[in-house]
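Each remark here refers to the structure printed beneath this line.
The letters A, B, C, D and E name the chains in turn, as written, and every chain counts its residues from 1.
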Amino acid sequence: PRAHAEDVLHLYNWNNYISDETMTRFERQCGCRVKQDYYSDNEEMLAKLDAGATGYDLLVPTGNAVETLIRKNALRPLDKSKLPHLANINPAYLDAWYDPGNRYSVPYATTTTLIGYNVEKMRQLDLPTDTWALIFEPRYLAKIKGKITVLDSQRELMAAAMRYLGHSVQATDPAEWEQAKQLIIRAKPYWAAFSNSTYIKDLAIGNIWVAHGYSNDMFRAREDAKAAGRPFTIGFATPREGAVLAVDNWVLHKSGQRPDLAYKLIDFMLDGANAADVSNLIGAGNPNAAALPHIRTEVGGNPALFPPLSELGHLEMLRDFGPKLRRNLSRMWTEIKVR
Amino acid sequence: MKSRGGQFWLWAASLAVYAFLYVPLAVVVLFSFNDSELNAQWVGFTTRWYAKLAADADMLHATANSLLIAVTASATATVLGTLAGVAMQRYRLRLLPTLALTPVAMPELLLGVSLLLFFRQVLDLTLGFVSILVAHITFSIGFVAVIVRARLAGMDESIFEAARDLGATPWAAFRRITLPLILPALIAGFLMAFTLSIDDFVITFFVAGVGVTTLPLQIYSMIKVAVTPEINAVSTLLMLLTLTVIATASRFAPDVLKGKA
Amino acid sequence: MARHARVDRLARWGMTLPPTVFLLAFVAAPALIMILASFREPGEFGGLAPWNGASFEAYRFLLTDIIYAEIFARSLLVAVLTTLICLVLAYPLAWLIARSPKRRRDLLVLLVMLPFASNFLIRIYAWIMLLGPLNLLFSPWAVMIGMVYVHLPFMVLPLYVNLERHDPALLEAARDLGAGAWTRFSRITFPLSLPGIYAGAALVFIPVFGMFAVPELLGGTGDILIANLIKEEFLQNRDWPLGSALSILLTVAVLACAGLATLAARRGFKGTEAVS
Amino acid sequence: MALLELRNVTRRFGSLEAVKNVSLAIEAGEFFTLLGPSGCGKTTILRMIAGFDAPDEGDILLDGQSLSGVPPEQRPLHTVFQSYALFPHMTVAGNVAFPLEMAGRPKDEIRRRVGEALELVHLVAKAESFPHEISGGEKQRVALARGLVGRPRLLLLDESLGALDAKLREQMQIELIALQRQVGIAFVFVTHAQDEALALSHRVAVMRAGRIEQCDEPDRLYTQPANRFVADFIGKVNLIDVEVLAASKVLLALRAPGLGEIAASDPRPLRAGESGTFALRPELIRIFGRKESADLKNRFEGKVKELLYLGDVTLYKVELANGFVIEALMPNAAPGRAKFHEVGDPVAVCWRHDAGLYLRE
Amino acid sequence: MALLELRNVTRRFGSLEAVKNVSLAIEAGEFFTLLGPSGCGKTTILRMIAGFDAPDEGDILLDGQSLSGVPPEQRPLHTVFQSYALFPHMTVAGNVAFPLEMAGRPKDEIRRRVGEALELVHLVAKAESFPHEISGGEKQRVALARGLVGRPRLLLLDESLGALDAKLREQMQIELIALQRQVGIAFVFVTHAQDEALALSHRVAVMRAGRIEQCDEPDRLYTQPANRFVADFIGKVNLIDVEVLAASKVLLALRAPGLGEIAASDPRPLRAGESGTFALRPELIRIFGRKESADLKNRFEGKVKELLYLGDVTLYKVELANGFVIEALMPNAAPGRAKFHEVGDPVAVCWRHDAGLYLRE
């Protein structure tokens, strides 16, 4: 590293969320360097910030985390004048509940939580793939026992169960949660494991046939299987009962030293061509309207990755609960794990 | 002398255990040459991952950081842990044994979070190299202390007395007698501390400051997507590097540390 | 000794003080923060709520619910099993290393630790690859294999370090008095190696409680351990008081287990402790 | 002022009083010996002097200064341990060099003095051996050399010649004495070998069960033991329970139950009727055929029960009329004729009236 | 057939031949002693017999069967180690019980026999102590009890009485002999204490630097040493370099350079002119004032140079005319008169013509 204080932007980002090429391009354009640290979970990032970690200019939290950060007064309000390309964002993604008027956040990418599956196996076993029933109903599960993983995340799994049962993921009625718990406990014996990351590989290898997971991961699994020349293909679809949508946003952390560089990066990423990278690279949905022309059709045209605006109503975002409910849900989750 | 049968079974059992330790390693090394991004099935031989690694500045930088931290932290932990272990064995202490075992017993997460809180909110320390170092030393001390103590337990006290009697100050007796005799424990303790440090993710995740990244952090950032053979490659190289570093270190170590009896 | 010489006091302080101060600063102080944290209320958005008098809510929550005790018991079982299996596997190896020629010993020790210089996740992934085809993945067996694998060196090394020091004359004496191989082991070597076993057991048994990655990655849907709960509270649920309380209860319980074991052992093998 | 002084030193291990109220004074350049049966507390005393152990009561002074609180390395004395306590990771030469290195002597002086010390103990050939590669006696000699090489003012020797053969031991004894003369080292020598104690020491303290029974010059210990224990412990002795029949200023008439009257002499004022022990050294007893000198006092008849050939002397066990067995030592002064009398021979034993000693306790 | 036989046994440590071509045969029930200076290979021989070490050459046979390949635990013999090798984690009683437990004796028998063995070595009070809590001599006794308690057919004792005081040692010796008579145990006893060797043994092998120099009955060793080394090693002896002047069938005239002519006797056919050593035991020498018996043969004048009080005897070192110092031992047969002659006294020494021995090597 050069000795002199240089222009360095500290970005606290998801793993593998921006390609190296994109970053290099940005660095060249702005004449600065970007240093990234990574997290694999909003909560990881929040925990670290809660404990007092500082020095990050830019974060990429999901909606619920944005709300948390705003409420904790940890973010720097946006000076939209420094973001000339903001207009590229599809208005459907603006003014979300977590940040009315987008005072702090700029949407960057979206993912859906859905079901990924081994196309050939499903066909062979004659299983439906567009419903949560596949992971919750014993009559289906019996055929794929031990060949299915679900997310090791209380919110996500409960959300899926709630949607399947026809409830909102933000429901507060304990009876509804209880129902969801029973549903999960009934299905659990058929599942191989709770898995947050290994399912990509396991799907691609063929260790498992069905996985509950994120759309971009399923995309990845599909690409991997294809690249490795597996004798099967990976498919994925948003269940018709509805699912969870996650929108990741750019926000400026208050402790950041270089908001100027942060604005530069956000605006750079708002450019259609640059914004398209995240979709092309990892199969994330893209709220940037100007990006669509740059996105490969097998990504952009996939409704599971790019939910049509008509379906957005079907998708719910997760919103943090209060401490009391959190604790009770956690207790419920523990019970699910143990039973 | 040992009976032949006994010797045979001893060897057989030991080889089996070594095999247990190395079979996964063989997989790691083998797949670092695998010509497949998915890295789940042998496709073909390639060295391109090593080439990729060689060009991956972040990874190399993280590796250098990790090694530096591991060597510094484990050396410091070995010193402090040895003192603690000897003191625990020699004096009937109450506080120190508990203190030394606590970081071993504390769940990593708690240790990580609490250290982070402590660094930031009590010491107002800027996170970075030092915070990682301190954290690694903290959780390694107990390991070294325990093993040093296990070495000393039951050792003939009279030779330490003899040293003092013949004019050795406590320090001289420690350096000339105690240290050489517990040397295997020191080496073992150092190795444990080294691997604990170079492999730690959870605690480092919390106490690492912006821009200071270690190999496990770097690897975790990549792994979410997939374990590409590049990570196997870096693991392989890391082992080789460790082997060389330690072999060289032992060659140039001062005589006392060579167990030159 | 009745009275201590000045140099002896100095030596004692010189030896005790540095690690004590260091650990007080970086273990006791942070631990204190977390102890305090466990008596607070969780913040509305994670972290901690402002201090508002001690709240025992977290402890009440954990201690009045049998499910947490159940998970602790499960973790205890895994810890005990892991420790025992590690002991059985480590003993012959440690013994062999200890009895090898001096110049070869360090190399053999290094070979035990070397795999652990590679990355943890990579090793676990290697196990996933190995266990998958054996149909062992996502089972309690996989968890045990992983736990044993991860902790084995911490049993081998203390054992080796202790065994290396044994006086071969004692084995000769036992032999001479008619003890066969097994008796020599059970009556002489084993009891004499108890300090090494305690050390190894401490370094295996205790950390097992904190290990969440192995059950998470190798275990099935039922293989949750207490460490996973702690992770859940800190990293998913962001309920720090509960996480802290859980950790503290765990730490205390584990240290108490270790202490009890030491006490029991001390009583059972008075001689060994006397020697040690 | 004495070099070393022990004042009412007591040391307890649990309920066992290993050392009981021991007081001693050792002069500079003195060869002082602690003699006593196994387990009587000799090593414990040395350990307190050396500073590994501290008295529970009493004080130890060096040059009049209390040693309490003075660590072992600051005491101008070295110890040769009963268990040797050689440093297992150092060669023989390394072990011997250790005290010199600690004293910060220059390298070449160390080399020279280590060489000399090893020569002294005949171990030059083993200089580069490790302790586990040498024999028991060799180990002991290394310990000895290591203790001597630093020329401390006071050297504590804990049975430090016990593993050596007579020849070597004698040589070592001579070296010790020579060193003492040349350098003025004082020795505290622990031994259970009384001949060694008697031959080497200026003074000997005889211990029993933590107490000092008698502290005296060697020949006085032998000829004037303070009590039955000392008499019995040092050398061979016949101990006969007696009762005082009559005592004049010098002459003493004793009655040994079942044996008869014994004539002895004692300057102490003794009361008739008191009972005690009559101690008689075997070498002061003469044995002859029954027919000879039948008219002597202190003459008793018996039969040879057993004889033990001891090289230069032969020990006869003679069973007297009342079944009491008396031991007599006859020098094998005539070559080839080790045995004057055979087992079963009827003989008579006899001794001069001033040969034995009356002991009150 | 001998119980134990060593046939041309050799053992090397690197370039050192610790045991050289040793052959021995030990009979059942025999008390056999290996005697020799420190480092001569005694322990090495025992270790080979016990099976911890194997000969580089030669063979060891028990009851005529080669022991090669038989592990120590299957050899019907126990060893009392020079270094004790007590089990530190067992109490004294536990140590002693060990061999019985190994032999699978019933519990109450073990308790009884352990009690007996501890009584034998006077350690009942220490039964529950651990080895690090007892004294050196007590440790040795535990080792002894542990070796004895199992009543092996052959017991190897490596300097096993060395740390005991004379009284205790003698008691132990008596117990050993008694055991041998009762149970018929054979002993191989290693010692450097010649008096012990001479007093206890049926036969003694004297070793030097790995070789056996002489293997014989005790009194023959003393009176008929095979060579200078044996004569010197066993007991005190004056060794005088001599040349044969004339030899008849019995009488022998020797010339000691600078001293004069010595009359001796020797049945061997000796050639005049050959040179050797004249060995003379100190106790066979008489000392008297110069004036007395001036006409005797083998009479030489000198001056008392030094005297050593040894309790029952006094050793006189008399410097003869040519500067040669001769040692003479006088029994202190007269009470209170330990010293017949003082240092500096002019005296004469004299011995019978059959007192000394001519040794060729």
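As a working rule, a contact is a pair of C-beta atoms (placed from the backbone, for glycine too) under 8 Å apart; a residue touches a chain by one contact, two chains touch by 3 or more.
If you're wondering where the values come from, they're calculated on a predicted model, not measured in any experiment.
Counted as hops between touching chains, the shortest connection from subunit A to subunit C is 1.
If you tally contacting C-beta pairs for each pair of chains, B-C comes out on top. With centres taken as mean Cα positions, subunit D sits 56 Å from subunit C.
A separation of 15 Å divides the Cα centre of subunit B from that of subunit C.
Centre-to-centre spacing of subunit A and subunit E amounts to 91 Å, using the average Cα coordinate of each chain.
Residues of subunit A in contact with at least two other chains: 44, 47, 51, 201, 205.
The multi-chain contact residues of subunit B, meaning those touching 2 or more other chains, are 3, 40, 113, 117, 121, 154, 169-170, 220, 223, 227, 259. Within subunit E, contacts with two or more other chains are made by residues 51-52, 71, 83, 88, 133.
Across the interface of their complex, subunit C is touched by residues 3, 6, 9-11, 13-14, 17-18, 20-25, 27-28, 31, 40, 80-81, 83-84, 86-87, 89-91, 93, 95-96, 98-111, 113-115, 117-118, 121-122, 134-135, 137-138, 141, 143, 145-147, 149-155, 169-171, 174, 184-185, 187-189, 191-192, 194-195, 198-199, 201, 215-216, 219-220, 223, 227, 231-232, 234-236, 238-239, 242-243, 246, 250, 259 of subunit B.
Here subunit D touches subunit B in the complex through residues 50-52, 71-73, 75, 77-79, 81, 83, 85-90, 98-99, 101-103, 130, 146-147, 150, going by the rule given at the top.
Looking at the complex, you find that subunit B touches subunit D at residues 156, 158-159, 161-170, 172-173, 176-177, 180-181, 259, 261.
Residues of subunit D that touch subunit C in their complex: 51-56, 68-71, 73-74. Residues 41-49, 61, 65, 67-68, 70-71, 128, 132, 137-138, 216-217, 219-222, 224, 228-229, 232-240, 242 of subunit C are the ones touching subunit A in the complex.
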